[in-house]
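Heads up, the next two complexes both have subunit A, just with different partners, subunit B and then subunit C.
Our next item is the complex of A and B:
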């Protein structure tokens, strides 16, 4: 079996298509690090001028406002809520001017918590989140702002509790590890899963080019398939290497961050809980590996039944893209889409709980993802096992 | 020992193999001879279970059959088939190929260097096979099967693309494998060469496996059975038939004429020579029917 593994792994690494995938990943990773990452413009930035302008405007209002019987109710309201709000802004300004980032984090956490409370629950449609949330065509800007403010409140609260050296880059989530965290919440899992599909589509059918060399090997078809699957899994995990080059570049530019940094996880009902960065990354890695296994087991099954690379590509692509057919914001409250493995394809958003927020569900968790994807993988492998053990089955 | 019992294979309603029953013993070289497309490769593919026969079974060592996938693996540990040279991995070296086969069959790693030396492959074995000539590739495929060191070895067109020196070299190795107790089944078109080392030779026609002894009794015996005349006119043929009426005269498509002299004593053979001399026929020889002759008679005469 070891000899067959070496043979398969060697072929995998010499496969021109696979080499091309690694090279493309390396190119994307470097391009992202050099061109895209430096232009990252977070909605929630550490912007002293903005804080100062807001503080001074409100302070001036508070100093000059006259409250009497004829005062408009919104003026009264502003006069009631601005003092505490401004207090937090003042603390933030003082902390940043003294370069006391721990205190800045403390004040900012309170500022976000207070702001969200005021805007979302007591805003009455006259208070708004950061304008960055209100983009063209975004019908859920308030919900996004609500999530963003709670996320940041939780994050800054986490910074007050960790021993890491805080920097502005950490606050703006620009460090290498935080960039990775952000990417896991967007396209990175899809890129890795698509790479896995491309690595696997021909892993069985390529042997049709060398039938007499491989047909007679003293190894059962099932074992051959398992070795092929394992090689594909290993090759897919190795795709991390070219991607990590980009992270190294970002690390040199903006710092690497810290594995102890907090990552806010949305639990339910506007509650967030912080997890350490290393924990979050391991969970993501685990769920991505489960996704790789699911894709590989499906492609192996398709390879022994459909025996066509394009059919493999189609079947695997359907699995990855199926969520687009049914996903709508809030739909989890109506339908139990958490039973579908396809609902877990946005790996980073599953582990951070953001997907639950979008689905209005509490069931799309890391644990349920592992269970459902694991179960589907076992089912595909079981069918492949049954097929490959039929007496008349031929792998090639 | 490998037994084929009533093997039948049909493709699109046509019988490729018809009720083939035969046993191949250890320490035996079997030759399979037939024109292309008559079922030699199919027979080997059935032995390897690459093709499921429509009837019959293959039995190895009186116990193992292709009844389960587990048995298939057990049989494949004992039976191997020479790979086709077009299937080699062009990006890796010959030595890597040999290592792969040796490790897959867990054979003695010393066999690798020994085989390389025996086949004179030292000068190119470390180069990628993409740079090999047809003959070099063919030798590598043969070497791969040798290092797999299985009990039964199937070789389809093993001598393809080889020069006479290497044909001889491989023939010697086959004889050595036979002496080690291996069963070697060789399909070849090099009939003279096959005749030298094969213990039993089978023709294939209409899906049947026919032992050459059944076509030409005494083929494998060492006695004078045939007078071969290179070129003979029809007039002389008739004259011979008249002179020796009990003799069977057969003309082959390659121009040769065979005269059956089985059972002739020295005096009678002398009379034949005298007759040829009188009729000024100088190019003739006594011997036995060759495999080439049999092949011509069997396939070309319809």
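Our next item is the complex of A and C:
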């Protein structure tokens, strides 16, 4: 068994296709670190001018406003809510001018919490979130802003309790670990899963070229399949190495961040709770490995039944892309899409709870993801096991 | 040659790759139908309320002041207030079912936007408004609608409306699909080189016959797209085949849907031939189907990763592989604007095809082939 594992692993590593995938991943991670990451422009920046402009306009209004019987109700409203708001803005300004980042985090946390409360529940079409959310064609800008402000409130609250040094780069989520966190929320899981598909797609069928060589091995077909699956799981996990090169480059430029930094997790009903960075990354890693197993078991099953590489590619990509067909914002409130394994393909968004927010559901959690994906993997493996134990079965 | 083709058809008939490619085309068509339905594309009410919201947030950057002509607001502020007014008018027109009012407001709106681009302080509100190109496309669209009096379509799932959307999406993925489909075109034969060497025709004839056979199967895929869209005829109706689609073709103009589909199919055929020949050459050079696939996809995305290259080498056929990008005028909107013309694209791709055929004829012989 061990000898066969070594044989398969060396074949895997010397496969031109697999080497090409590693090289391409390396190229993309460097391209990202050098060309795309520096242009990252977060909506919620640490910008003194913006705070100052807002603070001074409101302060001037508060100093000059005269409230009497004829005052417009919106003016009264503004006069009622601006004092507290401005108090937070003033604290932020003072803290950033004295370079006291801990205090800035404290004031900013309160500012975001207060702002969201005002804009979302009492905005009434006159108060808006940061204009960065309202881009042309975005019909869900208010919902995005709501999520963004609560997320930031939770994040800054976490910074007040963190022991490590704070920097502006941490506030703007530019450090290497935070970049990784952001990428996990967008297309990194898809890149990893697609690489896994490409690694696995020919692992069984490549033996068709020299079938006689392998017929003499004293191993059952099922065990051979397991070894092959394990090799491609290992290979897929190794894809992290070329990707981490880009992370190193970002780390040198913007700092590495800290494993103790808070990552806000959306629970339900506008409640966030913070998790440590390392905890969040381990959860993601675990869920991605479960995804790898699901993909590999599916491709193994497809390999022994359909016996065509193109068919493997097709079946696996349907699994990855199926969510596009039914996903719609808020659809989770109507239908139970959390039973579909395909709903969990955006791994980072599942663990951070953002997917729950998009689906308007509470069931798309890390735990249910593990359970459903694990269950599907077992199912596929079981079918493969049954098939491979039939008397007529031929591996190739 | 004819016998060779017949042999290939017998071989391809039982190839699982073709069956799965057919299924994936079918899934693509049906999936897109669901996508259009769930995303509610073409719902004017939804689009207009989004537009209204964007304008409100653009206006939130200004102090509220008198927006009449004699008022003391800046020109851009007055312009934005008028735009918002027109968008409200359009929303009202949709609800009241008054298409002519909608159309007038739309034309006035594009005029206002054209004016706003040159105004002072436009940079601050740029992200809330459609880009210059989008605005110009809107303009030609509404002008044409106004001239011809075609009623505004609201159902994007009628047969022709859906096809027009389908071919726009296909423009971005067709090259990728064909390269996945053809990346192993010669590999299976290379595993038995003695077979190829035994054929009673020369290698270049063999390659051409193989390409023709593959091309005919690709033709089947294109026919399949139409066949699988047919259920919409029954459920949603035909739609208007001469409904305009605004395009950029060197100048801003409109194509009726049937013309757009025609151009799209022409492009798809050219791209398919191009990709098949490219796959053949790369198969011979690299002797590995996945390497072929990766090289093709890399060549495809290089113009997107480094847009300046388009300016430098406008005759690179890979600039034209995504025809829907080409036709919706994204290329003149880049930092380094470059005007790519759809007709030129066909010429460049055609020339590359000729070059590759010549290369196959001159350089590829069976003598040097080795078993993979």
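Note that the second predicted complex is superposed on the first by the 396 of 396 C-alpha atoms of A that agree within 3 Å, B and C clash if a C-alpha of one lies under 4 Å from a C-alpha of the other, contacts with A are read in each partner's own complex, and residues count from 1 in each chain.
Note that in this section a contact is a pair of C-beta atoms (placed from the backbone, for glycine too) under 8 Å apart; a residue touches a chain by one contact, two chains touch by 3 or more.
Small disclaimer: the values here were computed from a predicted structure and weren't measured.
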| item | value |
| --- | --- |
| Clash or fit, subunit B versus subunit C on superposed subunit A | fit |
| Subunit B versus subunit C as contact partner of A:98, first or second or both or neither | neither |
| Which of subunit B and subunit C A:211 touches, first, second, both or neither | first |
| Angle at subunit A between subunit B and subunit C, C-alpha centres, nearest 10 degrees | 80 |
| Subunit B versus subunit C as contact partner of A:394, first or second or both or neither | first |
| Winner by number of subunit A residues touched, once subunit B and subunit C are compared | C |
| Touched partner set for A:71, first subunit B, second subunit C, both or neither | neither |
| Which superposed partner A:10 touches (first subunit B, second subunit C, both, neither) | first |
| Contacts of A:326 with subunit B and subunit C, given as first, second, both or neither | second |
| First (subunit B), second (subunit C), both or neither touched by A:273 | neither |
| Subunit B versus subunit C - smallest C-alpha distance in the overlay, whole Å | 9 |
| On subunit A, the residue positions that both subunit B and subunit C contact, one per complex | 209 |
| Subunit A to subunit C touching residues, read off their complex | 16-17, 20-21, 24, 31, 125, 128, 131-132, 134-139, 141-142, 198, 202, 209, 306-311, 313-314, 318, 321, 324-328, 331 |
| Interfacial residue positions of subunit A with respect to subunit B in the complex | 2-4, 6-7, 10-11, 14, 209-222, 388-389, 391-394 |
| Footprint of subunit A on subunit C - complex, ascending | 16-17, 20-21, 23-24, 27, 31, 34-35, 38-39, 46, 49-51, 53-54, 56-58, 60-61, 127-130, 180-181, 184, 191, 288-291, 294, 298, 305, 372 |
| Subunit B residues within the subunit A interface of the complex | 48, 50, 52, 66-70, 72-73, 76-77, 79-84, 87-89, 91-92, 100, 103-105 |
